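Both complexes shown next keep chain A, but they swap its partner, so chain B is in the first and chain C is in the second.
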Partner chain A sequence: MQYLIQLLISGLAIGAIYGLIAMGFAVIYKSTGLVNFAQGEMTMITAYIAWTISTTVSGNVFVVAAGAILAAVLLGLIIERLVMRPMLGEPVFATVMVTIGLAVILRSAINFIWDAYPHGLDIGMGRGIVHLGSIGVRTGQLAVIATLLLLLAAIWAFFRYSKVGVAMRAVAADDRTALLMGISATRVHALAWAASSVIAGIGGVFFALSYDLSPAMFQLGLKAFPATILGGLDAVLGSGIGGLLIGITENLAGGYLGSGMKEVAGFAMIIVVLMVRPFGIFGERDIERV
Partner chain B sequence: MIRHLAAASLLLTTACLAIGPAAAADPGITDSEILIGDVEPLTGPPALLGVAASIGHKIAIAEANAAGGINGRKIRYVLEDDGYVTARTIQGVKKVIDVDKVFAMLGISGSGQSIAVMPVLEKSGIPTVIDVAPVKFLWEPPRKNVFVVGQSYEEGIVHLVNFLADKNPGRKWGLITQDDDYGITVRDGFDSVVKAKKLNVVYSGNYKKGQQDFSSDMLQLKESGAEVFLAGGIIAENIAMMKELEKLSIKPVTGIFWPGRIEPVLKLMGPAGDGIYAVDYVEPFAGAAGKAFLEKAKPLVSEAEFKGINRYTMTGYAAAKVLIAAIERCGKQPTWACTISELEKTKNVETGVMAPISFGPGVRFSNQKLQIMQADAATLSFKPVD
Partner chain C sequence: MRTGDYKQTYGELVALVDSPPVWLWSAVLLLALIAAPFVLNSYALSFVIIILITVTGALGLNILTGYTGLISLGHVGFLVTGAYAYAVLVSKYHMPPLVGFLGAGVVPALASLIVGAPSLRLKGLYLAITTLAFSFIINTVILEMRWLTNGARGIQVQRPEILGVSFDSDAAFTYLCLAIAALTLLATLNIRRSRVGRAFVAIRDNDTAARVMGINLHAYKLFAFVTSAFITGIAGALYGIYLSFVSVEGFPFLLSIEALAILIVGGLGSALGAVLGTVLIVLLPEATRLVFSLFSAQMDATFTTGAQELKSMLYGLVIILFLRFQPRGLVGAWHDIKRAWVHWPLRY
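After this line comes the complex of A and B, so read on.
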């Protein structure tokens, strides 16, 4: 039983990180209809910036958090303005290819700006181990689970009650009608890129805290993408939950079926789910009237 | 008369054929400089080894140039990035040979990349010294123009597992390896000792390259009751494994392999990394030879490059020293044929960073002496054990 609980807790912790990055995918898809293949790289860049702040400015958790959020907002806005906005109206395939190109550039930037060595993000907390009975958990792992749950609630409230959230939903539903109603689609797109960058960046910072920073961190995007597909590409909250499911599934498969099964379990799960619900567990069925 | 002319022509033709293409000025050499090419991963996670190895080459080249170059010719280093992508390695090697027209090659990238590029190297006939990833295929069978400085992965693992087995008789063993050619080599070396010493292996895992979370794997290791553990990850994987073991409150006797034996790893492992064993054929930086090497390197590289120095810098340095010495022995007019012949005559060349290097007729592998080291978390260094 203790073995199972340990697997579940570790699965929830890594799943929460996948969930945050998956929400980043979903926010952009929901607002722009685009799959951002540079999501993992954006996550990594924010984590590296957080590490730079911690080693050069201050290791205070609030300074690092504020700096990282600000940097993530700027990163999202810059990418939207310089790279994505010029692609408005272009075929989706071309736009997706641009995000793939962006991913390669951001990945290479790590070596040019920083280096290839792994680094530890030290902000004076998150690395300690707490024992729940005989089960050991890092405080950063507990914090990321709590953060995901808080963000899920906050984003639900944002989309439901805030004017900006309703505007984003309107643009997602029908951008032309939204435009006629006085909503600026470009502003909504910019906001979506900034929000996506921040949410995924939080996941990246928690990953760096619980594990380490390395140029291989971009691969988190590849792990989080199945979570988005599982939860529903257009379902922000569903993607977060999808991350938790993938994390738990991976860990249970690794713990009971063997190490080799760990990496394929999540993908096997989405194949099964998509056969039954092609739009994901929480995604909306796309109905076209002829 | 005609008979004499025909005989003279025949003699001339034979002489030309005997000297071969080397007699015509070989590429990469002018009155003032000699070009040495290299292809390494300079971007992406494996840049950790590629950048460090290239710094080692630069140190040896800077040292030679400071002493007047090779018989008056300065050495120019042509470095290409392959991003650890095999197709780009082949492209890069072709480029430095055909376009940059280098005289000799150093490097080259990882084990898979070196293997893939071997036909290009063989066909070109360019003198090459490989130093980054020594695997048997590179010297078995021996290729005329390709020399390898280092020790085989298999021998390294066998040496480490033998040491740990002798030190921990009757203990239960655990092993985890990566699902690629590197992991297969580690596993093969491990299995050979398991068979010979009849080790009791209670956990055997195999993870997918790129895996970052090892919570379930290390939990399985704990459940198996393993007391001696061979962590077959490279860098980030070994760090993640050791931190998971710390979280699970267990500390088996742990061995790691040389690709992960770099000092920053110890900082990231923290107390969890204290006392882990490693095997290597280059000197640890904490020893007298390591310190002397760092002193030598400091004025020859930039501050950023100095920070990038790790064990691969030593392997790169040693290979470049051997190559430069061979070209130098060819005198004022070095050729490919002479360089290859002089490389073959390399005997007990001292580099200061590993045991003396030797090749020989039909011997293209330097077969370096191995040593066991142990991590000291307090000083963030590896210290020799035996």
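After this line comes the complex of A and C, so read on.
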């Protein structure tokens, strides 16, 4: 029983990280109709920048957090402006392939800029252990679950009540009509890229906090895929919740079926979800008109 | 001199080549490739072998992604299945290499049915993600089935001896790869001009319209998957033989990206494009290294230490630049040049 609870809690913690990155996928998909295959790499760059700030400037939590968020915003904006915007109006295949090309470039750029060794992000917190009854949990793991829930609420409110949020939904629903209503689709896209980069970046920093930075971290992006497919590619909140589900599934599969299963549990889930309900639990069904 | 497109019968519209000079140049290329082992040193010959193997694999992906318009991000999965099928059959159970090659085609083809079946309901991005998932699952399956695949230890593969002919030397192995690549090229060209190929292209261009015209989407999509996986699997077996060692690490995910880069660079949906793209993509890292080494020895050193990273960076750059500036690929550029040449000084 305790083993099960332990698995569930660590599953929730890693699932929250997947959820954050999956929300990054969904934010971009919702406003631009693209799957950003470079999400994992963008997450990783933000985490590495956070680590660089913590080792060179200051290990203070607020400095690191502010620096990482700023870096993530810049990263998102630069990529949108330099790489994605010229592809506006091109077929989806071409734009998605561009994000794949971008992913490969960013991945090797990280290996060149930083080294190939694992690093721990040390900002003086997150690695302490809290005891809940008989179960020990890292504070970083609790913090990431709390952050995910907070962000879920904030994003729900943003899309529901704020003018910009409604504009983003409008662009997602029908970009031409949105343009006619005076919404700048390019600005909305830029905003989406920046927001997605920040949300996923937060996930990356938490990952670095609880586990370690390493060049294999881009795989987080691949792990977050199942989450966003499960939740629905166009459902931002659903993707967050999908992350938690995938995290738990993965940990249970790893705990009871063997470590090989842990690696592929998420991918096996993708195939099942796509067969049964391709638009995800919370996503909207695509209706094709001739 | 070609003075126009004179198509007078329906047969001419689907002819394998539309003018005799193409036969001549193809024959010249074939002779040059046959002469290659006698002329080139072993380093240059290794590039010829890699190009021939990669062409086979790229043509396989071209059937699925280029003709039928189904994006596959997991083609390395078929490659590795083919390589393992060959290695297990030949090295472990000591079957004749021809049976090994047959298995290298059939096993990925069966696997493609498993990926293909769910993907019949999916299009575009969703399919890309399914195939991506497949390529990761297949790696785990291979690592877990230790009794058959030796798990992470991999399998040694010898160069084959087929019908009494030994392909042990590099020259002989080049001929084996050349024969398979040429056969694959002929096969894909013939598929493209047959009823099946036209159905593939119809599905790519508009699947709803294709269905209305009486094309069985399920059957043809699955057929595209099976054919593509069969060819890719054989390329995988050749690659495994070339590496002389089959392991999961020998087939990194980057190969899937490389294959897509080849199709984009060459021009999607064209066999000629797959060939041109392969030549460019395979030679690109080497060419870049040569250019850099002209500038300074230090840059050359960077290249040897970070070879893998620079290679993937180049692939990424090439993909982005081609999609941005030449979306029709090298084939498109070639058509533009031909047209300019014929019509000069008129525009058209």
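To be clear about the criterion, the second predicted complex is superposed on the first by the 287 of 290 C-alpha atoms of A that agree within 3 Å, B and C clash if a C-alpha of one lies under 4 Å from a C-alpha of the other, contacts with A are read in each partner's own complex, and residues count from 1 in each chain.
Criterion: a residue touches a chain if its C-beta (ideal position, glycine included) is under 8 Å from a C-beta of that chain, and two chains touch if they have at least 3 such contacts.
All values reported here derive from a predicted model rather than from experimental measurement.
Enquirer: Taking the superposition as given, does A:194 touch the first partner, chain B, the second, chain C, both, or neither?
Expert: It touches nothing on chain B or chain C.
Enquirer: Please indicate which partner A:90 is in contact with in the superposed arrangement: first for chain B, second for chain C, both, or neither.
Expert: Touch partner of A:90: chain C, not chain B.
Enquirer: Examine A:12 and indicate which partner it touches, taking first as chain B and second as chain C; both and neither are also allowed.
Expert: Neither: A:12 stays clear of chain B and chain C.
Enquirer: Could you say whether A:138 touches chain B, chain C, both of them, or neither, answering first, second, both or neither?
Expert: Only chain B is touched by A:138; chain C is not.
Enquirer: What is the contact status of A:107 with respect to chain B (first) and chain C (second): first, second, both, or neither?
Expert: In the superposition, A:107 contacts both chain B and chain C.
Enquirer: In the superposed arrangement, which partner chain does A:45 touch: chain B (first), chain C (second), both, or neither?
Expert: Neither partner.
Enquirer: Using the superposition on chain A described above, determine whether A:118 touches chain B (first), chain C (second), both, or neither.
Expert: first
Enquirer: Applying the touch criterion given at the start, work out whether A:98 contacts chain B, chain C, both or neither, answering first, second, both or neither.
Expert: A:98 contacts chain C only, not chain B.
Enquirer: Scan A:225 for contacts with chain B and chain C and give back first, second, both or neither.
Expert: second
Enquirer: Would you tell me the residues on chain A in contact with chain B in one complex that are also in contact with chain C in the other?
Expert: 107-108, 111-112, 258, 260, 263-264
Enquirer: Which residues of chain C touch chain A once you look at their complex with the stated criterion?
Expert: 71, 73, 118-119, 121-122, 124-126, 128-130, 132-134, 136-137, 140, 143-144, 208, 254, 257, 260-261, 264, 306, 308-310, 312-313, 315-320, 323-324, 327
Enquirer: Which of the residues in chain B end up touching chain A in this complex?
Expert: Chain B residues touching chain A: 42-48, 51, 176, 179, 205-208, 210-213, 215-217, 219-220, 223, 235-236, 239-240, 243, 246-249, 262, 264-265, 267-268, 307-308.
Enquirer: With touch defined as at the start, can you tell me which chain A residues reach chain B in the complex?
Expert: 3, 6-7, 10-11, 13-14, 107-108, 111-112, 115-120, 129, 136-138, 207, 211-212, 214-217, 219-220, 250-255, 258-260, 262-264
Enquirer: Provide the residue numbers of chain A that touch chain C in the complex, in ascending order.
Expert: 35, 83, 86-87, 90, 92-94, 96-98, 100-105, 107-109, 111-112, 222, 225-226, 229, 233, 258, 260-261, 263-264, 267-268, 270-271, 274-275, 278, 288, 290
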